[in-house]
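These are the structures, in structure tokens.
Common to both upcoming complexes is subunit A, partnered first by subunit B, then by subunit C.
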Partner chain A sequence: MNPLTFIARRLGAAVVILVILVAAMFTLSHLSHTDPAHAYLGAGASKSAVAAERAKLGLNLPITTQFFHYVGNFLHGNLGVSYRTRNPVTQDLAEYLPATMELAFYALLLALLLGLMLGVASAGHWRGARILKFVMVSGASAPLFLLALLGILIFYGHLGWLPASGRTSMPNPPTGPTGFLTLDALLAGRFNMLINALEHLLMPATVLAIGPAVSIGRVLRGSLVTVLREDYIRTARSKGLRERAVLLRHALRNSVGPALSMTGLQAGLLLAGDVVVEQVFAWPGIGYYAAQSIPVGDFPAISGVTLVLGLGYVLINALVDILQRLADPRVRI
Partner chain B sequence: MIMARAMTRHRQPEPLAVLPEYPGGPLSGLATTRGKHPHAPVITDIPASPAPPRPAERVAAVEDLHVTFRRNGRDVQALRGVSLEIAQGEILGLVGESGSGKSVLGLTLLGLHPARTTTIDGKLEVCNQSLVAATPEDWRRLRKTHMGAVFQDPMTSLNPTTRLGRQVSEVAGSSAEAIRLLNAVGIPDAERRLSSYPHELSGGLRQRVMLAMAIAGPPRLIIADEPTTALDVTVQAQILQLLRRLRDDLGMAMLFITHDLGVASQVADRIAVLYGGRLMEIGPAGEILEGPAHPYTDGLLRSRLTLTTGRDRPIASLAGEPPDPTQPPSGCPFSLRCAFVWDRCRDEMPAPTVKPQDTTGSHMVACWRTDDLASSGQELAGKWPAAPSAPGLAVLANNVTKAFTVRKGFRTQKLHALRGVSLEIAPGEVVALVGESGSGKSTLLRAMAGLLTIDSGSIEFGMPGHAQMVFQDAGASLTPWLSVSTLLKERLTRADLSSNERADRVRASLATVGLPAEVASAKPRELSGGQRQRVALARAIAMPPPMLLCDEPTSALDVSLAASILNLIGRLRRELSMAVLFVTHDLAVARMVADRVAVMYLGRIVEIGPVDDVVGNPRHPYTRALLASVPDPGAKLTTARGEPASPLDPPDGCAFEPRCERSGDDCCLCDPTLDLVRPSHTGPARLARKVACLHPIAGVPRIPGGLPTDRHEGDD
Partner chain C sequence: MRHTKRSSPEAHSRPLFPGAASSGDEANLATQRTRVPHSRMLRFTSTAAAFLLAATVLAACASANSGAAPATPAFTAAKTSHVLNAALTANTQPPDPDVFYAGQGLAITTSVYQGLVQYAPNTTQHRIVPDLATSWAISPNGLTYTFQLRTGVFFHDGTPFTSTAVAASFDRRLAVNQAPAYMLADLASVGTSNPHVAIVRLKKPNSAFLDYLASAYGPKMESPTALAAHAGATHDQTWMKTHDAGTGPYYIASVVPGQKYVLKAFPKYWGPKPYYTTVNISIIPDMSTQQLELQRGQLSIIMNDYLPGPAIQAFRANPAFTVTEVPTLEMPMIWVNERHGLFASQTMRTDLAKAIDRRSLTQSVFPGRANVSSQIYPKGILPAGTATFKPTYNPHALTKAVAKLSNKSLQLAYQADDPTSKLMANLLQAELATTGLQVTVVAVPQATIYNWPGNPGPSLPDLLIETNWPDAYNPDTWARIVMTPGGGLNYLNCNVPSGTALLNAGRAASAPTQVARDYEKAGNAFAASGCWIPLANKEGTVVAPSWMSGISYQKAVPHTVIIADLHPK
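Moving on, here comes the complex of A and B:
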């Protein structure tokens, strides 16, 4: 495919997904029984105050007009005001998002690494592959919250090796410039801080990563086994290369395509699991924020979170597509 | 001049694993009688020559080698007691039909047989290391230091996602050495090629890259498994020459696997013929080709087409097919197809023994009746009846052009597949279309079949009915889950026939192509390659078409099967008086099937005329180059330079100019048109000899009063 067409299609798909998300959010907020004006003013508000607020929020306008306002606001980066925190949702998101991004980043990285290990080890019949597979598959088949609780019980409660909540236990964490605690600590030269942040990240990231890692590993193993039957692998062996070099240098790059697609798909699951994991580990991210907004029907907040997660999903998949193209010189952009 | 012989070894000198060495001396005299293999030969005196090769000269040897695979719960006996040796610096040609075990022997020597499903038995030795009990690691070290390999398909044998520089340096040790190797195998502009990916190279260049990797070291033994089968004849001739030159310069031994005795004759010092996992005959190449002592070798040679095979009668093809490797016959493996078979042949397996008349002891044969064969002459088949001729034209193509749009990065480009082709074929006439891959042969055929639309020009058919097509890969063109009778009946749906009549037609067309009626209920995958090709033909003629379009229908088949299919086409065209357009890259095949031949180059016909005339007396330099590349035993190969120019960007002037040995200053300016060779041509216009060249090769002068070499009057 022509690279321009390729990019245009990717962008088109991303826009379509986001529009669907926005429409879904709008519909949901109208189907619910929560009156935004009421929710915003609080339980004790007078009838006239609520009516005035409804007019101010445009809730008496025809539903189509409301929808266009809704979309227009989105396009202007105006996600409304949270009923609960009374802050603009964008401001809340800016506060909570970096924590989630950092967690998701490390979880995805870990999923890729573990998946790679699992796939390569089992395709190459490496020693320990079976044990690795057993541990990972049992991990992946347990529900997320159970895995999280079990982790806390063992590594925090019993062994005391790892912390169980929050992003850090040290005072005065750095506040900028990236919002990634690990990176900011590194930039500020605070290595203790870095270690501490990594310790906090380890358990939630692993819990999030293990399911996707098993899926990635399985797909990778499948494509590796197919690729290992190719003629050019026979050529590599006829050169007298070590089996490890054959696998890593010649087979792996030709096998990553399907594993990368799987990573893109699994990113969605990972983001969904994030809400649960942040709750269990008291991780101050948007999952945590969403978990607090849902019970009170804080629709602007929920829509904001949904939109951001959707955007993340779309971006990760676009990235995966580009990586796949880069892996194969025959379709190079 | 290529590499110095004392090339530095860039493969890391790894210490070889200490293996139990063979207890000195050649493998001779080790009589083995194994309980496990009741038919294993009792090996006596290998070789019984007065001067047996000294052990130091022997690079590889197998003795009583059995290789068995486990497949679908059954034992596939790929090799059943093979003994042979390869001496330092020699090229041993290993020949045999598909499934005879050639590749298995090659892969076993490399240690690349699938480890889990294979049982190896017997003795196996490479570079003085016994390998029967070798671990994969021993074998790997041996490959690294002493062996190299080249495989059949250059398209799939290189890693598509790794730059060539890396793939070559990986075995050469450094980029500098990689460049040296690439230069040595004749890759132009080697340094720039290091950053290319395999898909950016032509098949011939890719095979050269494979060779560059194989000679890194340099190794003592190269296993070359059909290294030229996937290439054009011209490129094949180049690679064969290169192989010989590399061997002469570097002095390594080579096991050269091929299914074509002609190809083997061009490179091999000795030839070994394998059949049903057994060695049938082995000896010096010249002796085997001139005086084959085994009926199978003889049959292979007779089925092989050359530029001098008689055209007036069917080819003497070897009937039948190789035995099933899961149930090999207990006697001579060839007994099922052999014209000389005796009772003894069916019960007892003959072991290779020195040919009686042979005084050097180097020519060995496994046959009970070698002596009788020598005295028997082969009776020839009856002559073909004259082909029927009818007035009018079956097809008239006029100035056809076709360009495909291909995308390259951001740009789209035009690939000019046909650049103005005109061709007339009469009813009952066979025209062969020859040329290298990419010359547009198949495109013209597909345009005539109506499978693609042409950009300009016209194609008109002179008779009612549709042209039918037969492809190279019959397996892929038959729907795998439908039975043969369903496949044939599909062609009869349009005809006004009752179901009984249809069944009759199916039986009749199967009989016409020489298949038993039982085949009707079989599925394509249950049939062999030759049978599938026959089914494809039966399907094409179920409703006899006015014209048959054949796209390399025999190039995927063994020589014996190919010969029988060509005979079949020869018979069908006469019985059904069909016009046939036959695409092939092989001029020897073209000569056998066709009345006229059209030579294509880069989307144009550059020479056309009666087939004997063109083959015997080529006028276009390209036709001559094609003819000179045909690997016939006894013929000396001379090769065309280079490879075809890109159809994306045809050169100005004559398209053949970059490769032409006769080109003059005007050739790159003026585009030659297809003109009459003899302006005073008489007879039907379509039969005229034409050539598109500014400086055509002069015709053979007539000997006054002598043999008329040229039927037409007026020579130039």
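Moving on, here comes the complex of A and C:
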């Protein structure tokens, strides 16, 4: 299939998934028996105030009209107003999303690195591979919140090596241009801030990365073991190539496809785990935003986060398919 | 005997990936030979690593649970620092006094804004004292309130406080029309005879009006200049998410959305200057993290009242910290559904109240932090011995009644974001099971619960357990919202017409004795209905290093530790 056709198809699928998500969110918000007007104004609001707010929000209109308004607003980037923060949800997402993206980026990077180490070390029976595997599998088996709390207890409470909460403990962090604090600190030449931000990132990113790293490592190990039995690897060796060259130029490249697919899948799951990790580490991302919105039934906020995560998941998977094809042109997509 | 092959040529020359030579060749055999002792060593090392890891984790946990005395540089430095670090567990509503209607975050609005009057601090007595008004007079018909305003007061924008601000602030509250606006529903006009006198006229007498003004949620004075400059299309609501227009000891210096509020001491504040010149209030959702940060000196105080019982016990046992119980009007309570199901009959509701061991429940959930309630109103609102609620514990009547029922199942709901209510619900479930009832506990989001008042239906649960507090130190601010039809917290839509009528009479009365009598009778009627089962009068918990002093409070609502009074000993 022509790559352009493939990309167009994937984007089309993404749009369909998003439309389904929008419809699902609208249905759920109406099945939830919440009164957005009352929730927005608070328990003591007078009946007249609630009625006025209902009219303002269009809640008196027929359900089909409300749905078309909802979809129309969504297409215009209007996801409603959060009951809790009283801000437009799009504004809140713009505030919180960069922190999540930065955390997810570093977590995924760490997961790839650890997964690569685990896969290569396990397939090669390297010294220390079992310890690495033991530590990582133990970590991946533990619930995220437990791992996060243990991390805080040990590395903050007991050893005092790493901070426990937030993105930085320094005043006046840079507010742009990328929203990635590490990058913005670097661009602003504030190296202390960069180090401080990395210190804050290390624990949540590691907690988030361990599960995906084990999955990636296991898949990579499986495909490496298979590939290393192939004739062309024996040929490469017989030509006198060094093991490093055999690994990097022949074995690893041909084994990385399934691991990349797994990375895509894990990136989606990583976003799910993100909610717990951000809550425990007070990491001001959309997971933290969602975790605070769910108990109070802040549906506009919950819908916004769901749509963003859904979009992220679809895009990541499309990207992985493309990368897979680039890594191995034999793959038909 | 097995040979260690560490120095054998095969060991050095084995392929990086033994799978590549898995066809039974010599290299593979050599690899396998070399791996035997290696894997043994690894197994040993893995086991050792596992023990080490477990030991570290246990040591860390043990250290955290023991509440070990902190010795970090941050903890030591905090004693002399003029920066106070506190935390909230959630980013709640904006710190706008005409919008804010939650619990956490109240310490921000009460540090930044001031009203005309306030409740006397550090007393459990109901006493209204001056704030920005130095004195006041109420006309005999209860319709006109004349306030003498304090001089030498400045707003945070530098403009002086005068009577113009009273009208502007009241107007804004009504224009914004959010939940706290009900307090000014009876307002007719605000006039003035000179810049330091405000004359407030009501449409009809309201005996709770002065309590509304003293409430932490009551109307606060806002700078007319700032309001005019930033009104926009939202009556300043956008601007006041990150700024303020108050007169309090602190002003909002910066807000990092969802992360942090920074308050700075206002140099032109009319009252005593606070010790802490900067107050950082961060959002840290996890209470164990807050606990650790307090132990390490990153936080100066925990005043959000969400520490779990064992953590409070650990701090109590640690001489480096002081745990202070602060009186509040918080009341955990059970709402009973009279509309359908098991408790449609008043007899069953009365039997239910008797079948709950409130003392045991209170001691289990709030050890040392609450007393069993004996009145239908939160403690201290009416004199002790009036509007009483004292069912004698006796589960036999309910057990007998349940034995005759064909359907013994019922639903007990609690507010999803409140772990204490969840604990109470679980304990209650176990207790009611002994009477033969089959109780299902369900978590319900706050927004769903808010939809119940005014919408009685079969989907509503039989029981709801939740903790609430009145807006002010007045029976009307509790019973009207919780117990009358249309009240925002009358979740299960119980209707007690006699109680509502007496409550209305009490609010409209002018003579204090008549007001008290009507409120007492109203309370008796609500208590007799069995629709509400007050459980306890709960205190707030403040944990601070033992060198911290000046923990003062205003009783009416929780989360109102007066930050400006805090200082080292």
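The rule is short, and it goes like this: the second predicted complex is superposed on the first by the 328 of 333 C-alpha atoms of A that agree within 3 Å, B and C clash if a C-alpha of one lies under 4 Å from a C-alpha of the other, contacts with A are read in each partner's own complex, and residues count from 1 in each chain.
In this section, a residue touches a chain if its C-beta (ideal position, glycine included) is under 8 Å from a C-beta of that chain, and two chains touch if they have at least 3 such contacts.
Because the structure is a prediction, the values reported are computed rather than measured.
S.K.: Of the partners subunit B and subunit C, which touch A:L4 in the superposed model: first, second, both, neither?
M.R.: first
S.K.: Is A:D298 touching the first partner subunit B, the second partner subunit C, both, or neither of them?
M.R.: second
S.K.: For A:V280, using the defined touch cut-off, is the partner it touches subunit B, subunit C, both, or neither? Pick first, second, both or neither.
M.R.: A:V280 contacts subunit C only, not subunit B.
S.K.: Looking at subunit A, does subunit C or subunit B touch more of its residues?
M.R.: C
S.K.: Looking at the overlay, does A:N192 come into contact with subunit B only (first), subunit C only (second), both, or neither?
M.R.: After superposing on A, A:N192 lies clear of both subunit B and subunit C.
S.K.: Is A:D231 touching the first partner subunit B, the second partner subunit C, both, or neither of them?
M.R.: first
S.K.: Report for A:D92: first if it touches subunit B alone, second if subunit C alone, otherwise both or neither.
M.R.: Second partner only, subunit C.
S.K.: If we overlay the two complexes on their shared chain A, which of subunit B and subunit C does A:G160 touch? Say first, second, both or neither.
M.R.: second
S.K.: One more residue to check, A:T64. First (subunit B), second (subunit C), both or neither?
M.R.: Once the two structures are laid over each other on A, A:T64 reaches no partner at all.
S.K.: Of the residues on subunit A, which ones does subunit B touch that subunit C also touches?
M.R.: The answer is residues 234, 237, 243 of subunit A.
S.K.: List the residues on subunit A that touch subunit C in their complex, please.
M.R.: 32-36, 38-39, 41-47, 49, 52, 83-87, 92, 95-96, 123-125, 127-131, 134-135, 138, 149-150, 152-154, 156-158, 160, 164-167, 224-225, 228-229, 233-234, 237, 243-244, 246-247, 251, 279-282, 284, 288-289, 291-292, 294-299
S.K.: Where on subunit A is subunit B touching in the complex?
M.R.: 2-4, 230-232, 234-243, 249-250, 253-254, 327-330
S.K.: With touch defined as at the start, can you tell me which subunit B residues reach subunit A in the complex?
M.R.: For subunit B paired with subunit A, touching residues are 11, 110, 112, 136, 140-145, 147-149, 151, 153, 156-162, 170-171, 197, 199, 210, 213-214, 216, 223, 407, 409-410.
S.K.: Which stretch or stretches of subunit C touch subunit A in the complex?
M.R.: Those residues of subunit C that touch subunit A are 15-20, 22, 31, 35, 38-39, 42-43, 45-46, 49-50, 53, 56-57, 59-61, 63-64, 72, 90-94, 99, 101-102, 177-182, 185, 237, 241, 256-259, 282-286, 288-289, 292-293, 295-296, 298, 415-417, 445-448, 450-451, 454-455, 459, 471, 481, 486, 488-489.
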